[in-house]
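Both of the next two complexes hold chain A, though its partner changes from chain B to chain C.
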Partner chain A sequence: MATHDTTEATDSTTGPSKEVVTWKTKLRYFLNSDFVRSSPYWGIPFVLMGIAVYGGIGYNLAISFTDYAGIGRPEFSNLSLEMYRTALADGSFRQAAFQNFVLLVGFTSVSLALGLFLAVLLDYGIRYKETIQTIYLLPMALSFVVTAQVWLWMYSPGNGVLNVFVTALGFGSIDWLGNPRIALAAVIFALVWQFSGYAMVVFLAGLQSLPSDQFEAAKVDGASTAKTYIRIIIPQLKQASVGAAVVLMLFALKAFDFLYAITGDYRPPNGTDILATLMVREAFQYGQWAYGAAIATMLLLLSLSVIAPYLVYQYRQGAL
Partner chain B sequence: MARLALDDVTKEYRDGEMSVVAVEDVSLDVADGEFLVLVGPSGCGKSTTLRMIAGLETITDGEITLDDRSINDVPAQERDIAMVFQSYALYPHKTVRGNMSFGLEESTELSDSDIAETVEETAGMMGIEDLLNRKPGELSGGQQQRVALGRAIVRDPDLFLMDEPLSNLDAKLRAEMRTELQHLQEQLGVTSVYVTHDQTEAMTMGDQIAVLNEGTLQQTGTPLECYHQPNNLFVAGFIGEPSMNFFDGSLEENALVTESLAYSLSPDLRRDIEAGTDLVLGIRPEDVRIDEPRTDGQRFAAEVIVVEPMGNENVIHLRFDDAMAGDEFIVTTEGVPTVSAGDRVDVEFSEAVVHLFDGDSGVAIKNRTLSFSGTPDEVIP
Partner chain C sequence: MVDNDKLVDGIGRRTYLGGIATGAAAGLAGCASGNTADGLEVLHGWTGGDGADAIETLTDAFEEEHSDIDGTFEAVGGDGNVELNTSILQRLTNENPMSSFANWPGNNLERYEGVLMDLEEDVWEAEGLKENMQDRAVELCTFNGQMPAVPIGSHRLNNLFYNTAAFDEAGIDAEDLGSTSDLLDALETIDQDTDYVPFAHGMRSAFLGLQTWVQILASQSGVDAYTDFIEGDGDRDAMIDALETLQEIQENYITDDASAIGYTQAAQNLISDEAACIHGGNWLYGMFRADDDFNYGEEWDWIPFPGTEGVYFYHLDAFVTPGDNPSPEETVEWQKFVGTQEAQIEFNNLKGSVPLRTDIESDELADFLKMTYEDLLDSDEYPPTLAHGLAVEPEQQNDCEGAIGDHFMDPYDAEAAADGLLDAVSE
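Coming up: the complex of A and B.
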């Protein structure tokens, strides 16, 4: 590029005055280019996004290497991985990480399975019509705070709907959220209620985009309806499942708002503490900013480790 | 292998008060090993008929039998019928091998090794053994078409159904596959029903063709019967490319009088026709003689509008002197064109080759003289 420019300059110009004109012309061309002229439109969001998101991530990372505990200004002269070491050795961190993993796997797999099941049922029933699916998607329209409140009432040990049934069947009342051994399962159940509709819509869209002749070809080939779905139709939903799974897993990693809304406190019910709630508690309740920042950084790395394979998969499929 | 019969089969789609009859009282008989082509324009009900045979549509009325056994209530899965779809409907996530073995796995009790062997054998016959481990997305249109055929053949079905299987191929490949399909069908001897809107495919491939229009059967017969002895105006116009020329008129005294010509009818011919009856005179483009030594036919003066040389034949558009603009007729001649646009020529219609149809009902009153003892050439006077 550079050599090309110089040859052009020497070829087309004979004196220094002309060269100045060329330089000015080039500047004018540059200022008139689409890149420069459109910059106010993309530049401002670009800068804001850069500062707010990536600046924030960077600052968080920097803090995590200090031992800042909320008094005075963070001290950047002595950076170390101490906070990470502390976290990995900390029992409550390990427990939160384990519970987060259970939530991630349990919530994602149950939501996907239920969503797929609902989608197949709907698809089979309404293959050529379009209705009911909104009913299943409706929970998604609710705020997590609302969902949390609703389930809090349902799980209430005194007069919650679930316990009304349980006691009517002759069992003793169960403290769903108070018992650490079942609290996580109760939370997963409530989240599945809210998110399986989303998984269903993603699967249903995938199902409905498949041409009917796939069903017909399988039918003529002698396959029963169940076999057709299992062997022909569902394998073609790979793309949809991967997309839905990534969204659900990312949510499971940072399901802070739901747990926060259940108690209205930094401390979620016993047995349901996850990394996001631990991080917020350490930072905003106890003022352990550096420790909280270290947890946040690990959470970010976990999220990236979920997204990265998805991006690689998309790239291999030629979708990126 | 089996004999297929349709007896007054009707398909009616009902949606509340609305009712559409897609297929009405269609009766067909396909002998064991025969190749029947269902042909007709879009929306004539040919695909619906095929889908009823396959069991993909219910039958409103009538009966379909396979080897004298009614299959009305037999689900598609148990009919032992293979079908090739227009879109091929290959399973995109399965390899060619998987596509071909799926039907055998689902509809037979064969062991895995037997299935693998049968698939290899059929793939060899279809010339697709190199493709067995590829997926449909990696294949060309022609290869996909072969796989779709192979997937149907491998099952060795009682009945072979094809729904416009060649319509997505380019012209050259389509002509090749046409021949190959015929060979294959003869070799396998499977009773086959083939749906197409392309009259060339119907003429060249079928042992029998059944012409459908607006849900009703117009004619069944060999391709040459339908070509030379059409039952009615629709069949006459649909079969043959370029189509038969038609002149609307009525019988006045001893001649058929149209806007542009008066064609005298021999006493034999007009004996049973009342004076004043609306008639349609039909003549195939290749049966019109242009500027040739006179034979026994009647001659009319016409002007050449366009000449389209095709190499082996020429398509010549002509117009009678007092006909309206746009009211042209077509003549085909062989060899090098002897006329050019603007020429005035004499055309001759011999009574042996003209067709007469009733103007109201379209039913054929007289077809060209022809016996089917030999090839048409031998009997054309």
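Coming up: the complex of A and C.
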């Protein structure tokens, strides 16, 4: 090897020989580089992840262009956007998309507002801070299935806890999940109960990372506590807010588990159908694979539209 | 070189790659084996209660008779066979069929079109089942000129079970209820004169409203109105009339928590002496029987749903056989066994349904089932149930449930629901 290298070096006075040596040397450097030598560690997971996730997404996208339904294999010879056109013309799809949007906005905004309120209270130094923090965070440790069962009992029109209070106040019993006018609000409320603790922790971490001299400076300037938070502290929680909002919105998009656990059926309570439940119903109950794939693709695009501005924001902040 | 092959701390690269390779091989082996089992593999949805007891007795009897066959009988849970149907669909789509699965025959078999095994020669003719099964069952187990299913039991849908104490207290003679208007009068009397909830009814799933609407339609406008509807030629006015009757019941005579409960909780209201009557398939009998203090002819009794005397609304459970069967010989033996007198009596006595064989001594069945079995053999009409797969294709059935779910679960819109139902069956 060494002799051969020497010979090549001797011949390197001419142009072409010099290129050969450079190419081989470069290859040797490349093969000995950290990138290549570490590739078994990152490359294999990368390939597996690529096949399992992005391969799956790609296959789903391909199926959505076919008319694949029932038992058999998809036929890829005649691809079209027919399933997307069908979905956009379908009242069930439009209703599910609208309800998904309401869930997304309602759940995220209320969770953020409540989380911020709790975080400010805790940050202000109220008594039993740790206990309260644990109480609010605990629901997040529960699975959607458990939360659904808990709230099914809470909302029961017969003897549910909420109706015990409502009837004690002299009102009639309310059919929280059975009335399509309020069912989605009831679902949002239950999800807020589960996830506002998460928003609280994110905001609290943000608040506690702020230097205390800002509070002191505001105090010296005579600002009230409320004004200090509103004008000085909360604006600095922008990054925490964006991060928490993205996570909450993604939870809202995949609330299928919660809705499925309420009825044990692919058809959730009337007025609460969302794209995820519609997609599962079309694909796995009716065997309309192509139509289900088209809905899944649109759900993915919706998720990306939620997360893309966040990624751009992070990039501009230099966090990516 | 040696140094390059080893990490200073941690596992070596070769060890790491070996581990990855072993894991990948194990994973691929796991994927390749899928859910298939050696020998006979049967999927069903009877995960608890009387259904679980019935299938266990059935499979024990089969294994005792066929000790040479290695059988796996797997219960797949979920309301209304949701998970079972999903599991079957996924496995058949992935070309990973099981030996047999419990399902409804009739139009429900459309969802498995093209991947079913014909049992006509090996089971139906070999065992003489065509001569010994009720004609309607033979008809419903025939699909696209093949016979891929063997029936195991039938439930009757047009039942009104009632709490005898409630009817006595209200002074109602159940035998006098010959129409839905009689039923509405009785419900009003119970509501006015007793503390009972007049009508136990679950509304958590749309199929419960759908099946009650079917009974009302057949009662008010005749079975022909129903069969015209499922054939795509429904009388919209008759349908709206039936929907309005259902609305009257749901608005006035059911429990406050109806939207949160299914039929099992609704039936529990009858057992716990809180409700006066309930409509449902005679699987409710299986629930009643489980309570020693709630006995047929004493605490509860039965009449056909008012206005449907002489009609047997037909529900059918069967074992279906996929083609490309992983165990064709064992599967044929299993299906032969399903059609035997022994299997039909053992299973149905526990399940609360009735055998489809016509050569069974009715004394072999419990009292209530004996009466149902005699009605099965000797009714005037046998319309198929809508909410249980027999009457229309699966997607039409789902759209019918959607029409009720979207327009008739409070708030009520009878016209929109009727149009939705008509659209569903005209597809």
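One rule holds in what follows: the second predicted complex is superposed on the first by the 276 of 320 C-alpha atoms of A that agree within 3 Å, B and C clash if a C-alpha of one lies under 4 Å from a C-alpha of the other, contacts with A are read in each partner's own complex, and residues count from 1 in each chain.
As a working rule, a contact is a pair of C-beta atoms (placed from the backbone, for glycine too) under 8 Å apart; a residue touches a chain by one contact, two chains touch by 3 or more.
Predicted model only: the values in this text are computed from it and were never measured.
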Clash or fit, chain B versus chain C on superposed chain A: fit
First (chain B), second (chain C), both or neither touched by A:Y286: second
Touched partner set for A:S33, first chain B, second chain C, both or neither: neither
Contacts of A:T134 with chain B and chain C, given as first, second, both or neither: neither
Which of chain B and chain C A:D213 touches, first, second, both or neither: first
Chain B versus chain C as contact partner of A:Q236, first or second or both or neither: first
Partner contacting more residues of chain A (chain B vs chain C): C
Chain B versus chain C as contact partner of A:G222, first or second or both or neither: first
Chain A as apex of chain B and chain C, Cα-centre angle in degrees (nearest 10): 150
Which of chain B and chain C A:S305 touches, first, second, both or neither: neither
Closest Cα approach, chain C to chain B, once both complexes are overlaid on chain A (Å): 42
Chain B-facing residues of chain A, complex: 211, 213-214, 216-224, 227, 231-232, 235-236, 238
Residue numbers on chain A that touch chain C, as the complex places them: 37, 40-41, 44, 70-72, 92, 152, 155-159, 173, 175, 177-181, 263-267, 269-270, 284-287, 289
In the complex with chain A, residue positions of chain B that touch it: 54-56, 76-79, 81-83, 85, 87, 89-93, 102-103, 106-108, 151, 155
Chain C residues touching chain A - in the complex, by the definition given at the top: 4, 13, 16-17, 20, 78-80, 82, 85-86, 89-90, 92-93, 111-115, 203-206, 255-260, 394-395, 398, 401-402, 405-406, 409-411
